[in-house]
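Chain nomenclature is as follows: A, B, C, D, E and F, assigned in order of appearance, with residue numbering initiated at 1 for each chain independently.
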Amino acid sequence: MTQPVAKRFPTPSIDRLPDDIRTRLLAVQEKSGFVPNVFLTLAYRPDEFRAFFAYHDALMDRDSGLTKAEREMIIVATSAANQCHYCVIAHGAILRVYAKNPLIADQVAVNYRKADLSPRQKAMLDFAVKVALHSHSINDADFPQLREHGFSDEDIWDIGAIAALFALSNRMANLINMRPNDEFYVLGRVPKS
Amino acid sequence: MTQPVAKRFPTPSIDRLPDDIRTRLLAVQEKSGFVPNVFLTLAYRPDEFRAFFAYHDALMDRDSGLTKAEREMIIVATSAANQCHYCVIAHGAILRVYAKNPLIADQVAVNYRKADLSPRQKAMLDFAVKVALHSHSINDADFPQLREHGFSDEDIWDIGAIAALFALSNRMANLINMRPNDEFYVLGRVPKS
Amino acid sequence: MTQPVAKRFPTPSIDRLPDDIRTRLLAVQEKSGFVPNVFLTLAYRPDEFRAFFAYHDALMDRDSGLTKAEREMIIVATSAANQCHYCVIAHGAILRVYAKNPLIADQVAVNYRKADLSPRQKAMLDFAVKVALHSHSINDADFPQLREHGFSDEDIWDIGAIAALFALSNRMANLINMRPNDEFYVLGRVPKS
Amino acid sequence: MTQPVAKRFPTPSIDRLPDDIRTRLLAVQEKSGFVPNVFLTLAYRPDEFRAFFAYHDALMDRDSGLTKAEREMIIVATSAANQCHYCVIAHGAILRVYAKNPLIADQVAVNYRKADLSPRQKAMLDFAVKVALHSHSINDADFPQLREHGFSDEDIWDIGAIAALFALSNRMANLINMRPNDEFYVLGRVPKS
Amino acid sequence: MTQPVAKRFPTPSIDRLPDDIRTRLLAVQEKSGFVPNVFLTLAYRPDEFRAFFAYHDALMDRDSGLTKAEREMIIVATSAANQCHYCVIAHGAILRVYAKNPLIADQVAVNYRKADLSPRQKAMLDFAVKVALHSHSINDADFPQLREHGFSDEDIWDIGAIAALFALSNRMANLINMRPNDEFYVLGRVPKS
Amino acid sequence: MTQPVAKRFPTPSIDRLPDDIRTRLLAVQEKSGFVPNVFLTLAYRPDEFRAFFAYHDALMDRDSGLTKAEREMIIVATSAANQCHYCVIAHGAILRVYAKNPLIADQVAVNYRKADLSPRQKAMLDFAVKVALHSHSINDADFPQLREHGFSDEDIWDIGAIAALFALSNRMANLINMRPNDEFYVLGRVPKS
């Protein structure tokens, strides 16, 4: 495959990026074996790149009542609702890795209501998709329902904020026509022996 | 009016905020005469606060082919499409100030298609609302249409990215039930003599 | 501003109108200080003008369990749902005046669910918006819910009928591209001292 | 069948109605052989009754570039879009009578795009349904398209105003749960010999 | 009327059809007095014809907890939701015949929620329309609600499967632009004496 | 994984099925190494099973201007629009196998507009999704557009009929809560060496 990583805006070459951004890209490459295209394409605007990943890290790396896999589920379910090619494929891969479950990402992407999830996780995704698609109708009655499933107010902020951040991310990926790296499609599909 | 600034999560007191955040709030207060509630409510999560405002500044303060008023139009039109109470009222005020036009914000909020805007500005808002509501259907044919109105590729990124950032912001404001300060409702309605 | 009051159909001059219509316009002008454009534009068809205002007066001037401000809330909320430029701006002004509240109209226009309203008023607007957007799904179960908030059957008719009348009015304003008078934007924003 | 004419509000008895309204009902009964339920149910509020029928007569009885059958087509198509039981059945009958065509009403009610209509009539209904469902998006480009089919500006007002009046009527019928008279179902189905 | 039975694909002549299909058409003609156009138009592809009618007969002729009239109600209600000209008109006729009720088909077609049906039948149609329009959201909670109305699991399969088969049928009729025979419009409107 | 193949209706055991159905299941098992759950779950109703697979074979095995991979694309794209868990996963696998492309199924499932497809294939899927979601608006103008991409009328029938058949299939799978076999998730992801 020699498809461009994104078709509508230039992709900067790694060696001409600001030091902090190049360092981050090389660290990711070291860890994953490739540079996810979201890093390359967003680096076209360094300040926006830095803000996006600062936001991402604040939510995805923090201590939370949500597991890392659950946070990825939110991304996959809401990105599927927005038909975001990049985010469903890339975060689907990450979800498989974190959940150590080769089936879960495709299930959540097609229809999370039928996925192999706990009632608590389905309630989490119901709320995340509401934030993604109908945030104007969020109301006070949503909160006790989530608390009944054991979510704290901090957890609810996390659910909502992740859905909100990927509302941004989905729109940027759709704007840029960002292409997921081929590596993501198979990542985590076969449990490592 | 003694309504709380937001009803679902705690609002930190200014004197207990991290130094950089408190400094920013006091600077805004100095300039505007009040602290917009978005600063108070998002400061509950300092790292997310910093990322949000870094993103905001990267887009709203940069040199751009879009005027400051046009960038606010994008925020008002897309926030109205998302029924975001805080963003329509607060950024409506800022739009009136930048555009020196007491009517424009309400017009854009109700139906930008009928507002006193140039065809170029309506094309800009058509695309911004597409990014806000139907980003999956953005296609290559959208770009030459925008270029015909004189928008460069950098401008198109700006239109899309502002719509994307406020997709995030609208969802956070709806999650938190953020309340616009009373001051915003009248700001810019009467041209200063 | 020298924008035309409506762009798609002729606007008759006041001195050539039938006597009864001219008399009504002059009375409104006497009271308000200006002639709202809805009077000028609808006067193009005198018989329809007379029927519209007869309907309007029958609902808006009658003794009702709904206050005058509440009736205007119905108009603003349903007209916002229909993105009717004229009705949101003009009746927003009247709402501010009747409610003696400079904030309420913008709140109801953006998202009445988050406005400073009583639960009874929110239930009233939930039903009004249902009539405006999904009247085919009105069912018997809606009625006891409204009665629990203290609405009589007469009140329910009033809510529904006002939403229905402005379903007509919004469509006519959108057809004609009716322009709200500049005066409406500021009316009632500053409490008179 | 002994179903009530409407289930949610009282239906006044004819002999207790104001003179002008009773006279109108008796005239209709004389002409049609029965009193259509819209007359009985709306007579519950005499002033609104008078305004509604004044509006109706102003549009439906005036000289117009639209035939009487075409005006009824607008009512049937937009009432079907609103799933209004009364208006589709009752005006479907009137359409059959005016058009002297036993098939046309059912065709227009199910999907006017596939009905036995001229391209001019389909363009008329496209616009009427736009007014009924998406009036906020009416724009200047709609007008030359209609003029190409031979519609004058007066005709366009008529199309829009009839769609607007029945936006009101459909909502009232759905609010009241108005029941069409059994007579309407067969009227005009068999050409008189 | 000399309209073609369908406008976009050829309609085979009866005498050139495979024997089994011609036999079925002649049997229907014998029984009904005319050949419904669905037989003529689908016969263009004999294998698909055979599969469709095998599916149809399996569902519509089987012993079921649903009466034949109830099964036709499902077809009329879901076909109206899909705006399928052929199916609403043709199966509306069959519904009138089976139900021995000249009003019911038009009522179900316009808005089954207001038709002269039992609560059980309305619950059946609520579920059928959910299958037709929002099948992704069918969930386990739908089943006990239907069982409370006396539907067995076999009945629920029947409701869902009929809605599913006519999801296919509606799309084929819309693809082909299939025209209902004129005979259907009046069938069953006058009770036979 | 020991999840049931479907949760809402019984799944018959293979040895108690009618001979013809058991033979078909064993043949599939022989070829694929497992029995796809759609065979097991639909076999609960033998007559409907036979009709469904007769329809399937008539469309999917016939000589056609559409390749086998293109026919599977139609299934994946329309099933994703209907959020059908079973069909997206199972037919996604078959699409990968026929297309010898490990990426294409996920791309088509998330957003076919951004998949690695030819303009002809995107036009095919635009029409298939229109049949799936908005078949009432199919019009004569759709046909020349498809012919410009080289589709014959027979091909157009095939596109529409496959979309129609899977409109049925998606609804049955959602009704039954049919579960895709685990084998489908990895099938065709790694090109055979």
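What we mean here is this: a contact is a pair of C-beta atoms (placed from the backbone, for glycine too) under 8 Å apart; a residue touches a chain by one contact, two chains touch by 3 or more.
Please read all numbers here as calculations on a predicted model, not as lab measurements.
> Show me the overlap between the contact partners of subunit B and those of subunit F.
Touching subunit B as well as subunit F, we find A, D.
> Which chains lie in contact with each of subunit A and subunit F?
B, E
> Over half of interface residue numbers shared between subunit A and subunit B means same, under half means different, so which is it?
Shared-number fraction above one half, so same.
> Identify which chain pair among B-F, D-E or C-D reproduces the interface of A-F, meaning that over half of its contact pairs, matched by residue number, are the same.
Equivalent contacts to A-F are found in D-E.
> When the centre of a chain is set as the mean of its C-alpha atoms, what distance in Å lies between subunit B and subunit C?
That pair's centroid distance is 28 Å.
> Where the CA atoms of subunit E average out and where those of subunit F average out, how many Å apart are those spots?
Spacing between the chain centres: roughly 24 Å.
> Return the distance between the CA-based centres of subunit B and subunit E, expressed in whole Å.
Inter-chain centre distance comes to 52 Å.
> What are the residue numbers in subunit F that touch two or more other chains?
Touching at least two other chains: 83-84, 111, 136, 177.
> What's the complete list of touching chain pairs for this entry?
In this structure, the chains touch in these pairs: A-B, A-C, A-E, A-F, B-C, B-D, B-F, C-D, C-E, D-E, D-F, E-F.
> Which residues of subunit F touch subunit B in their complex?
Per the touch definition, subunit F meets subunit B at residues 111, 113.
> Which subunit F residues qualify as touching subunit A in the complex?
Touching subunit A from subunit F are residues 1, 3, 80, 83-85, 88-89, 92, 102-103, 106-107, 109-111, 114-116, 177, 182, 185-186, 189-190.
> Under the touch definition given earlier, write down the residues of subunit A that touch subunit C in their complex.
136-137, 139
> For subunit D, which residues are in contact with subunit C within the complex?
It is residues 7-9, 45, 47-48, 50-52, 54-55, 57-59, 62, 82-84, 131-132, 135-136, 138, 140, 143, 153, 157, 160-161, 163-165, 167-172, 174-175, 177 of subunit D that touch subunit C.
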